[in-house]
Every structure is written in structure tokens, then in C-alpha cells.
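Here it is, the structure in full.
Residue numbering begins at 1 within each chain, and the chains themselves are lettered A, B, C and D in the order written.
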Amino acid sequence: MSNLLEIPEVVGLDTKRSLVRIPPELDVPLTPRVRQLIDTPEFRRLSQVSQLGLVSLVYPAALHTRFEHCLGVYRLALLLLKRLAHDARFSESVRPEDAELFLATALLHDLGHWPFCHPIEDIHLPSVPHHELFANSFLLEGEIADVLRDDWAINPREVVALLSEKPRDRTSSLLASMLSGPIDIDKMDYLYRDSLHAGVPYGRNFDQQRLIGSLCLNESGDGLAITDKGKTAAELMVFARYVMFSEVYWHHGVRSATAMLQRAFFLLHGELDLDGLFRQSEREMVETLCRAAGDSPAGDLLAGLFGARRRLYKRLAQFSYFEEPETYNRLAGRPYPWLAACAEHFASVVSTVLGRVVAPHEVLFDAPPVAREVEFHVDIYYAKEDRYRPLKAVSPVVRSLAQEQFDDYVKRVRIFAHPRLAESLRELPRLPDLLAQAVDRMG
Amino acid sequence: MSNLLEIPEVVGLDTKRSLVRIPPELDVPLTPRVRQLIDTPEFRRLSQVSQLGLVSLVYPAALHTRFEHCLGVYRLALLLLKRLAHDARFSESVRPEDAELFLATALLHDLGHWPFCHPIEDIHLPSVPHHELFANSFLLEGEIADVLRDDWAINPREVVALLSEKPRDRTSSLLASMLSGPIDIDKMDYLYRDSLHAGVPYGRNFDQQRLIGSLCLNESGDGLAITDKGKTAAELMVFARYVMFSEVYWHHGVRSATAMLQRAFFLLHGELDLDGLFRQSEREMVETLCRAAGDSPAGDLLAGLFGARRRLYKRLAQFSYFEEPETYNRLAGRPYPWLAACAEHFASVVSTVLGRVVAPHEVLFDAPPVAREVEFHVDIYYAKEDRYRPLKAVSPVVRSLAQEQFDDYVKRVRIFAHPRLAESLRELPRLPDLLAQAVDRMG
Amino acid sequence: MSNLLEIPEVVGLDTKRSLVRIPPELDVPLTPRVRQLIDTPEFRRLSQVSQLGLVSLVYPAALHTRFEHCLGVYRLALLLLKRLAHDARFSESVRPEDAELFLATALLHDLGHWPFCHPIEDIHLPSVPHHELFANSFLLEGEIADVLRDDWAINPREVVALLSEKPRDRTSSLLASMLSGPIDIDKMDYLYRDSLHAGVPYGRNFDQQRLIGSLCLNESGDGLAITDKGKTAAELMVFARYVMFSEVYWHHGVRSATAMLQRAFFLLHGELDLDGLFRQSEREMVETLCRAAGDSPAGDLLAGLFGARRRLYKRLAQFSYFEEPETYNRLAGRPYPWLAACAEHFASVVSTVLGRVVAPHEVLFDAPPVAREVEFHVDIYYAKEDRYRPLKAVSPVVRSLAQEQFDDYVKRVRIFAHPRLAESLRELPRLPDLLAQAVDRMG
Amino acid sequence: MSNLLEIPEVVGLDTKRSLVRIPPELDVPLTPRVRQLIDTPEFRRLSQVSQLGLVSLVYPAALHTRFEHCLGVYRLALLLLKRLAHDARFSESVRPEDAELFLATALLHDLGHWPFCHPIEDIHLPSVPHHELFANSFLLEGEIADVLRDDWAINPREVVALLSEKPRDRTSSLLASMLSGPIDIDKMDYLYRDSLHAGVPYGRNFDQQRLIGSLCLNESGDGLAITDKGKTAAELMVFARYVMFSEVYWHHGVRSATAMLQRAFFLLHGELDLDGLFRQSEREMVETLCRAAGDSPAGDLLAGLFGARRRLYKRLAQFSYFEEPETYNRLAGRPYPWLAACAEHFASVVSTVLGRVVAPHEVLFDAPPVAREVEFHVDIYYAKEDRYRPLKAVSPVVRSLAQEQFDDYVKRVRIFAHPRLAESLRELPRLPDLLAQAVDRMG
């Protein structure tokens, strides 16, 4: 039997000696060296960073932390190893020490995430590091590095490499794709977990058991593929992801909150010590931002999000790719500073029309970024014919999700306005014209 | 408040006085007049007819009956009424007596189903009645008719009309579409229930609560539409249906059993009293068929399905629309007698090649029928713009499911062979050529 | 690592190669030699025998078969082995060949069950064999015996011994207790499965995962114990069992049907070929019984259960141990012939009082048998103190369930009457006196 | 039909117009006047107060807030009203305005809860207000009071009265018991919700649907009773509560954290502005406490709970009522200051024995309070006999839970010690003697 099955953490799945419980009724086995990692201050910090940030302003129970998510991902890493240990090609390619590196990395994969990480990264400010690079400082220094070296016999550099560097060989490539790829343990956990805590069924719709049971290696052995028995399970996961984007991550209320935070951060970032800020807990970061903002426009925006009274901007209009392609195309994929400036022009335009002051930060433009969300480059393996085919080639539904629905249908261009203005702005007769005017001014 | 809410059965949802339990932990409220209906011999018969017939040869727990399904559909009818009672247009259009007709019809909608109804109907034999017409004899005569008249003040003709006649007005059309339409209570129950009993998650993936909560009337008021809040719930249901077809209803093992039963029935049907047969319970029908078949080829086929030893034909080859369009197109959509004759030619061809007797019934051809499965003509209602748009227009994923994936990807042309032959036949080098030869012989 | 983990069926839990699905979304791994067993006619017969028999007259979806249950028990056997393989004392005591015997026996444990086995056995007729002995003929002869010898290298006698003989050593005793003991895989499966199919939550309330995770050996090594971490899980299971008895197995409607079947069988049994009867499928047995009964009183009783119209006897009165101890004690624990004779006296007594014929079989007495249901002799192991204590000693709740609630509170003495009589009988002013009269006549 | 069914919030259950989602997939209907309440700063504050406080140090996902819980309780209030609207006695006794008061009070019932409320109240310091009285300031002043008056036509005094005053009539008594009584909506929600977020099945084991469906009025009409159909559902809820105490609320790790917080608060409370403190969010309170504590012993305790590194005190010994009654009885039910002083004596005793400084705060005594947890004074209504009987009289299992298991078996006397000391202390040979010495010193 494969010696991957003798890794203590994998054994722990069955012995169930030392466990921690996370929803939905999952036992996560802890060995002493796993405990060492999760008891470091760097890892504990993840228990003060929520997974979904502003989503809880719309789904009030979505408060789960990156700490919980990391435990979930680590458990899936164990399940994957246990399953693939029975795959001859995997067992040949992955030694126990590789598998242990994979486990530790799975546990630590979110170490560099700071609060509200994704909305902030989406602004693409030069002074903001990429969270994967930011993680390096946590991984290469301090206690985590010590535990990796002393208790896991792992060089911390290896973890950094697996997380954020170009794989140097087939095995690294394979392990990296299990952490981040078309079918990876990160997505498998967060879709489920986000769905559970938000209280919606969507992200739990895929058949995790079947999906894991049908994983195999791709033709070149540098990534995962899925046997044909798992094809619909894979389609279900792609679909689950679409629905979660549609109903949760890109929910218009969530996007309103996101637009508010982005604008506030954009206004404040020059005055902030970002490196210090990104090491804070979520609560601390909120306090730091509010303190820095004071009574400024940024302060007004932050108060609506984090103040005693929740006050989200209202949706004034939205434009989708397939219904209003022209407007959509003028705004989608623009750099954030352009969008912000354009919104300010718009504020000034409507100010005039309304005959009433509309402050520059009281209108926000939200638009899909350039980077498309979804590429499903995974192969289906037909064992009877011993042949691999791209999922997209055998699944029109995945094809249409990947090519159209995901980015073009879910993500919209939206205009949000301060609640005190929303009603009067909504009644303006020529909103599209005024919008066009503002865009024209951008030259 | 709408007087639809005072219908005793609708009230029963909350008073929970007299209940019967069905999975998954659902209480179905029974009033005396509902009990009267379900205690008739005609309705009790449905407790001897399984919902999925031959599927239990592959999913051994899928033994649930049409009786259970009818209770489930009736409960959904109550939920729908309760929800739509709060919709002004619905309340205006549907009087309590219409709603009661709808309820009784929902409960009785499957009364004409005989065991293995769908596979038998799919052969399209002239002597086989359509199950909806067959239901008339149960509805118009005997106890059911009496109970409808005496306890429900319903003319049984009305039930027949609602089930199987062209709606004569908007209200009838609306109620008929709630029973059988793109989003109907029949599908909503069977997808869930079939999935539950088969032990798979697929048909439970849609968000029933959300779907019901977002129903409204379509523009012309003669059918249901869905508000934009329910759009993804509708997409989920379409997707759930696709997966159930893919993994359960058109599972290759299920299709093998179906092909075996179809061939046996095709061989026997001339000698059978179909009207009597179709009034039997499932067990009785199996016995009648086996008795009629005796030692004939039909008997051999039936023994593999219902005998002491389960012995399904093996899949020899399969051809999908998108991978082998040529072969697929030669066989898909053919009338059953043509397919049977072609399979017999094939048996004779391979008999010669193998140098070994292959009896005509030992090779079976299974091919998608002409009628396409899925048409999703349902509108999404955008309340803010007061505008209806076809689901397909706003959902690429539904479009590709409807146009491609469902019939062309799920349903395949398959060739099954008796297990004693399967191995040698699989090794024949020129199977496609031999198949072509057989088709050519059909002229 | 323990070589128990290399048994092919145990490996199959993770490789998931060849699977069969049962609710709730469980994959049961099948190896070729497992398939050989379940494809025998003797095992297939279990797919024609329902687990709960008459319960489906009250819970209409409770139609699951012993076939499904056996697959469920076999899967739990695998999980148990996998867990206990990590327990040093277990691994020392149980060799792979013992474990394989345990697996095969788990799969085959219900082979001797005939339809309606428990109600029939409860009559304690001398001509009725015990189902465990009856199983021997299936196990020692025919195909099952061949497969055991040829594919499993198991002497069929060993299976018989493990199922129904006094264990000859510690290891046998341990394995036997895992199949049938205070915490066994039979109960763990049927509580869950019966609950699922009935549509009630009760039998799914215990924490199976935790229970299995906390199993260990008892002090003497001849049975299972539970670590203190599993104490509440064990209490939950005991409680779940109580609730299932209370709400399902001893539901008054189920008891009415049971009393009807028992009386019919009691009336007919002299004329039946029991050995042949008990080898039939459920449907066949029903037909055989109905044919044998014809128009006799037994036929009348059977028609109410299995005829076109469901017609259960009505509850006339019930007496519980704690409220009417006197009446209860006069009837509980009596041999069936005594009860039947007493009911006939009662029929004659009320006949006179009513001035209207009450046939002897139109009144049925149902009373708890002598054998008490529940003894929870299982120890809790306190690892810190290395000490075993009986569950009852550390759990007042289990103590009161075992000593009082289970038999004395759930099981009642009940009098059922034909529906045509129930109303007039209920109005009789001195029912308890009339009952006393009937009992007095028994001398 | 009862006009209780026309209360807009009750109607909202079916119309599903404006909803907020909470786990597990529940839609909570919001009317404008409900939104007004939950958007006040006083109510929003509950989104910064966790339901279970220190439990998340052991169950890391148990982070749900009182905000979510209040929405859950409010939804159950709607379900209860909807159900009881069909009960004639309830409808006569409760007018729509009473029902609206009940709804608003259900939503606001936790308004006075401050972070870590229960552990702090358990110390019984004279300066700490009861949280129900503390709520008055939130209810009688500020926005909540305005909304109640203006949008609900409710005098805020009425809410205060319903929450914390002796009921002045039968109707008030009835409504109060629905909020807080043997079967109340507070417990029904928190058992479920705490269980869900902790990731354990225990608190979800009762049959909520059945329980609500079987509620009725007690004999005197001033409280709820349960029909006999709901008896096992009620037993299940009592049992669920026991298991939640056993496995979650009184988990030894949770008690260790609780003991640490209590000691820290006990040490600090003289220096704190309690009124201000109790108005803070959980994060703010933690910061205030840590700031006040500085480097003092209290600071050391708080750092273990809230610092960068989680460091809970270890269990040194535990004494249960049924195994070590003598030790148990000397410590259980003592006032907190007595316990704290006794622990300090113990610290000094062991300091001497160890020959090593043990600071007074490094040993903590945790003991069950005087107030017993559970009294199940609820009646079961036997409709056939028209008779009420106390649940305890008809349920031995509830009797033993109430009288023995709950307080005496679940709650233990425990001694916790700083991790740096735990090992050496555990090895002390005469721990019970040393303990006795410390108690003796208390005189």
C-alpha cells in the first residue's frame, strides 16, 4: 500500500484522536505539528479576518473566518491525498515529503490574506502588494518558519514556492494545481462554506464526494483531471460557482458596499502605512481606516459600512453586457482611477441638473475588472477509450458558463448613489445621456 | 385577505391536524375529502406502482411509489396556492372553486399511470393508449368520480379537462401550466423525490423555497413566470433536471434495462389484453408479462430483469451526437420497429462474423426518441422595469442546456448485448462497419 | 500499519472504483467477491422483502428493502474495521481472515429474514423456526456457500457460527457483538434508514460519526466499549431508539396492522407450508396467505391490510403500565394463544351487550411480549483514569430509558376493533368492566 | 379566519417580498416597521456581540451574533402565531395588538445583552445589573422607543413589562411564557443555531416542525402545553438541551475559558465603568478590559483568551456529583468570592508543596452555581381524554434529566491551572488532600 497513507495527518482521518470541529459537522484531525502551526500568532490572526468581509452587510450570518476556511482546506487536502494515494501514477510521482509539503501549504495558503483583501487588490494600486507575496513575510520569518523547519522538516521556501512561484517540475505543478486550479481544494471549501454561512444552498450543490472520488492525473501528469464518472460533478461545481457569484459575491448590495470601501480606500491609501495595516485584524483595520478618514468623504463612506447605522448606497442603474452592451463596454474593464474620475464627472453633471450639491464621493461606479473570472481548463478522462478531452469540449453548459454567462451576465456595470440622493437621481429623465456626458469628459 | 387562504386544505398546512408523513420530513395535511380520494382502490393502486420502475435495478433504493409522489405534488399545490393567493392578479383570476379543482387534479394527476408507463409509451404502439387518456376511465367512473362530485362539488369532467384537454380560457391555461409546464409541481416533486430515494444529491440542488417564493403570472396571465429574484433558482432547476437525466434516467444501466423491457413488450404486446394489464399493480404486471412470455425470447429478457438473478445486457458501444454524429444520426429518432429490425439485422451480421449463433433479441439498440425533452419557455419578470423576458434570452446556460446538452449530450445511441456475448462482440474489430451494414440493410 | 487496512473491501472505501449508491448519498464499495454474493438469488430475494413490513400502511414511503439495509450494514462494517484497525488491542486480536469473515457475515446477516418476520416470530408458534436458524439453509447450501468457499476462502459454517452460535473465544465474541450488541452496526443502520424512509428525524439523531470514532474494546476484550468522548453519542443512540419505537415501530396504527396480521397468521398457520412460505418474496407471501385464507375471517383481516382498500382496525382503548397498571398487568406478557382466546371472550361479551354480532376476529388484543426490548450493557472507558464504567452507572437518562420508559411507557396494551364496530364499541359505558369479565373467563 | 393571520409580518411569511437570509436557509420576512427596528444603532450593536462568547475558543466557527439569533427568534414568533391563530382559545385570548407586541418583543428580547453576559452575571456582583433590566434603557429611550411608538403603536413600557415584569393577566403570562418558558422560541432558536455554527448535530435533533405543530394552551390558558402527539418532540428538545450543555456550553475547555474571564473580571470590576462597558461591542469590551488590566494578573488571564496566542488553562482535576460527592458538595453552589478565595488558598498551599511560586490567579476553581438549570414544568394534553398531565409524570426520561442528569452529571467542579504549572501540579501525589486543606482554611 502507498506510503502516503502512513503520513500521520492522513492516518488521523481514521483514528480521530485529536480533532477540532467545524461546520457542517466535520472533524479536522490535528497532529501535534499541525497544532504547532495553528497556534502561532500569525495563524491565529486568521481567526480575526472574515472570509467574506462586506458580504455580512447583506447576509448577516456570513461571518466565518479564514481560520475556519483554512482548516476546511487542510481537511480536503487530506481527503485528496487519501484518495490519490490509490492512484498509481500519483503515488509514483508524489513522495511522502512532497505530500507533507502539500499539507502544510494547504493549511497555510491564506496566511497573507489581509481583511477585505480582494476588494482592495481589485483597485490595483501600485503600493498594494499581492497577498501571495505578502504572505512570504509570514512564512519565511518568525514562528511559522521555525515550526516548518523543526517539526515538519520543511524548508519554508518550499511553501512559498508552491504557493506563488512557477512550478519547477511536474510534481510541483501537480501539487500547485490541487491548491489552485480549475478543481482545487480552496474553491471546494469556500463554495461550500460561504454558502453554508450565508444560508443559501447554492455553493453546496456540487457532489464533493463524487468529485473527489473521480479525480485522477491529467495526461501529462502535471495536474488533475476527472474521470468521466465525475463529469457531471465537475459541471455542478462550475455551476455552483456561477450561482454563488450571481447571488452572493456579486449581489448588488455586496457590490454597493464594495464600491464604498474601494472609494474610501482609494481616497485614503496615500496616508496609510499599508504594510502595518495589512497585518492587523479586521476590527483593527476598520478602526485604523476610520481614524485616518476622520470627517472626510472617506469617513462618510466608512461610517455607512461600519458605523452604528448601516447605510449602503442605493443602486441607481445597472447595465449588463447582453442588454446594454454600449454603456457596458464604455465602463467595464477600466482602471479604477479612471472609474473614480468618471464618477466624479458624473456627480458634477447631475449636480448641475439637479440644482443641488452632489459631492464627488456620493456617486460610485462599479464595473467588472478586465481579468475574467473563470477558465475551466480541465480534462475529462474516458477510461474505456483511454482518452482525455477538455471539459469544455464535452460540456456545452460549461462552455457557455465560461464564455458568456460568468463574466458577461453576472458581473454588471452599476451606479450607486448615497441614499439621500437616490430618489431624486432615479427620477432624472435622461440618466443614460448624463452618464454618456460624464464618460465623454474623460476624453 | 384572499379567500383562497380559506380553502380547508390550505388552512391545513398550518393547523397540522391530520397529517401523513413522507420524506424528507414533510407533513402532508389531509382533510376528510382528501382522505376519501386517497382511500379509493383506484388511488391505493398507485402505492403498488413505483415511480421509477427499472431504475431500482441500478439504484436499489429507488422504490418510491406514485402514491408518495402524488402526495408530494398535492402538497406543492397547496404551497403554490398559498403563495399565489398573495398575488393580486392570481387572486382575481382564480376563484376558490378553481383552486379546489386544481388541488384535486394535482392529487389525481398520475391516476392513469401504469407500471413502466414511460418506456412502454416510448415504443409508440398504436394499441397503447396515452396514459393521460387512460386516466379518464379512472376519473369518470367509480368511486373517484363519486367523491369528486359528492365531497368536492367537482364535475369529474373538469379534472379530465384540466389534465388532458386544451385549456378553454386563461384561468384553465394557468392552472394547467402549474401542473405541467416549464416550472410545474410535478417536476418540482419528482426531481427532488427521485434524487432522494436514489441517494444522489442532483435533483435536490435547486432552491425550491426560492423558486416558489418568486413565482408570478406571465404577461398574458395564462401561465407562470418568475421574478428576476428567482432567475438563478429557475436555472438551478433546469440544471438539476439535466443532471438527473444524465446520471439517473438515462444512466446506461437504466437504459439497458429499459431496452430489454421494451423489446420484451414489443414482442409480446399482440398477445396481451392491454386494458386489463394497465390496471394491474407493478408486481401483477410483471407476473402477467412473464407468464405470457414463457420460454420465448421475451421470457429470456424478462428473466434478466425480474428473475431470481439480475442479468442486465452489457453496453457494447455508445455514440453521442457530438462525437460520432454520423452513426448517431443514422439511429436517433427512428421509430421503435425500425430500431428493433435494425438490431436484428445486426444480430444476424455479427452472428456470421462470430461464427456463433446470436439470437435476434440478444442485441438491442437504444436511441433517443424524436421528441426533444426540454423546452424552457418561461419568462423572467423584471419588476423594476416591469418587463418580461424569456429565460433563454437572459440565460446562456439555459439556452445551451435546452438547445444542445439535454438531448444531444445526455441521450446517446447505445448498443446492448446479452452478457454471454458481450465480451466476444466487444472484441470484433470492425464494429462500426458491421453496424453500418445492418443500417444499410434497412434500405 | 495494520494489515486490516489492506483488505480489498476496506481499501475500496477510498479507491471508490466500483460502487453502488444507497440513501443518504452513501457509496457502498463492491469488490468482485462482494458482487458474487449479492448477485445470488438468495441475496437478491432480500430486494423483495421490505425492512418494515406493515409500517408502510402508516408511513407510506417506508418501503425500503432488507437488500438496501444489508448494503448499509456492510458499509458500516467497513467503517468499523477501518477505525478499529488503528486500535492496537483490536489489531492484535482480529486477524485479516477474521475481519473478512466479519464483513461477509455483516453482508449476509439478514439472509434468513422472511417477510413480516418479527410479527410472525412474536406469536411464538412451535412450527415457526427462528429466522437466524432459518438462515442456515441459505448459508450452508447453494450458491452463497460456494461463493464463500471459492471467493472468500470462508467455511460457510463460520458465518453460521458467528451469526447464531455461542462465541467460542474472545475474538468471536467481539465480532459477534459488533453485529449484534448494545452498539452494533445492525441498529446503527436500521435506526437511520428506517427514519429516513419514514420521513421522520428521530432515528437520525445520533452522532454516527462520533460514535464510530469513539469505539474501543471493553476491558476483557470480548466486546466493544466507548470512550468517554462518545458517551453522549451513545446516549443519543439509545434515545433515538426509544423515539423510533415510540413513533414508528409501536405507533398505534402500526400495532393495529400487526395485530391484524398476527391474528390472520395464527388462524392460518396450520394449513401452511411454512418452510416454503418463508422462502417467498413479500408479494408472493401476501398472495399465498390471501389464497389460503379465502373468505374466512383470516381473509377479512388480510383484505384490510393488502386489499384494494386499506382498512385498519381502530383503537378502542389503550392501557399503559404507568397509568392503568392493573389492566396492563393482566394482559401484558401473555402468550399469544391466551391473548387471542381472551379477545374472543371479549368479542362474545360485547356481542351480548351490544345486541349485535361481533365476530371473534373483529376484536384484537395487542400486548407487550415478555421479553424486554432493551438492555444497554455497554461500558464507557475513561482513558485518563484507565477505568471502565457501565453506561447505566454514569447516565441516569439511559438508566431510566432501560428500566422504565422503553418497555413500560412505549409499549401499551391496546384493544383494536373492526372499523364497522369501533364507534358503537367506544360508546359502551363499562368497557373496563367488560374487559375484566373477558379476562376473568380465562380462568 | 383569525385576524391574527392578517398581521403584516405574518402575511410576509408567505408573500416573501422583503427577506433577509440566515442559516440554515431560512427567509426572515421584513416589513418596513421591522426594518426600522433592526436598523437602529441599538439593534445593530447586537451584530457586534457574539451569541456564545468564549465558546469559539473551542469550536472555532461558533461566531454567530445575537443579531442573527434575534432574527431567528422573531421568525419563530411568526411561526408560532401562525400556528396558534388556528387555536380557538388562543385567538380569543390574544388580540392582534397583543400579537404585535409579542412580535416586537421577540425581536428585541436580547437588546440588553452585553458581551460575555452570562459568565459575568454568574459572578453575582452587586454592581452588575441584570441584563433584562439593563435592556430597559435601550427600550425606553432613543430610537427604539420612537419606532415602537410611531410605527408599531406600542408603548415601549409594554415591551419592558413583557420581558421582565410579572405578568399582570393571563394573556401576558401566555405571551411571556412563549418568550421564556419550558418550550420557548428563544431556546428553540439558540439550541438549533448554536449547534449549527459549532458544527455539531446535537441541538438540531429535536423535531421543531412537530413541536410547533403540537403546541396548544395549558389548562388555565396562561401558558403553552403540548398535545400528546408532540410528547416525544418535547422530550427530544429537553434531551437536545442536555447534550448541548454536556458537549458545548459546559465543555471543559469552554469552562476553562469562562473561569479565566470570570477571574479577570472579578479582579477588574472595581475599576470599570460598567454601564459604559456593557454598551460596547464585543471587540471594544475586550479592548477596554485589556487596557484596564495592563500587566496585572487580570492582563495575564485576558491575554490567554484574547491575545495573539491562545493559551487556555489546563484541567487539573474534576469532581462530579455522582462519583466524588464529597468534594463536589464542598465546592458546588458557593458564591464566587468564596470560590476565588478558596482557589487562592489552594494556590498558596501548592506553592509551598511545589517549592515554586504559584500566583493566586494561576489556579481557578469552577463550580456549578446554586440555581439549577432546568425545570420542565410543561403539560401534555391528551385530547381524547381531555386531560392535562405534567410532562415529568409521563416521561421518566425527562424526570431523570430534570432531577439528576442535567445539573449533577453535566456540571462539574473543576480545577484549572496555568499551562506552565499544569504538568507539575498534576503529578502532586495528594491533590485531594491539598484541596481539602484549602477548603478547610475557608473556615
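Following the convention adopted for this analysis, contacts are C-beta pairs under 8 Å (C-beta built on N, C-alpha and C of every residue); 3 or more make two chains touch, one makes a residue touch a chain.
In this text the structure is predicted, and so the values were computed from the model without any measurement.
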Quick note, more Cb pairs in contact for A-C or A-D? It is A-D
Comparing centres built from CA atoms, which chain ends up most distant from chain D? B
How many Å are there between the centre of chain A and the centre of chain B, using C-alpha atoms for each centre? 40
Rounded Å distance between chain A and chain C, as computed from the means of their C-alpha atoms: 50
When centres are defined as mean Cα positions, the distance from chain A to chain D in whole Å is 35
Can you tell me which residues of chain A touch two or more of the remaining chains? 25, 200-201
By the document's touch definition, which label belongs to this structure's chain graph: line, ring, star, complete, or other? complete
Within the complex, which stretch of chain D touches chain A? 20-26, 39-41, 44-45, 47, 56, 59-61, 63-65, 67-68, 71, 196-201, 283, 308-310
Taking the touch rule as given, give the residues of chain C at its contact with chain D in the complex, in rising order. 200-202, 205, 207, 232, 235-236, 239, 242-243, 246-247, 322, 394-397, 399-401, 403-405, 409
Any idea which chain D residues touch chain B in the complex? 1, 5-6, 11, 14-16, 19, 25, 27, 82-83, 85-86, 209, 213-214
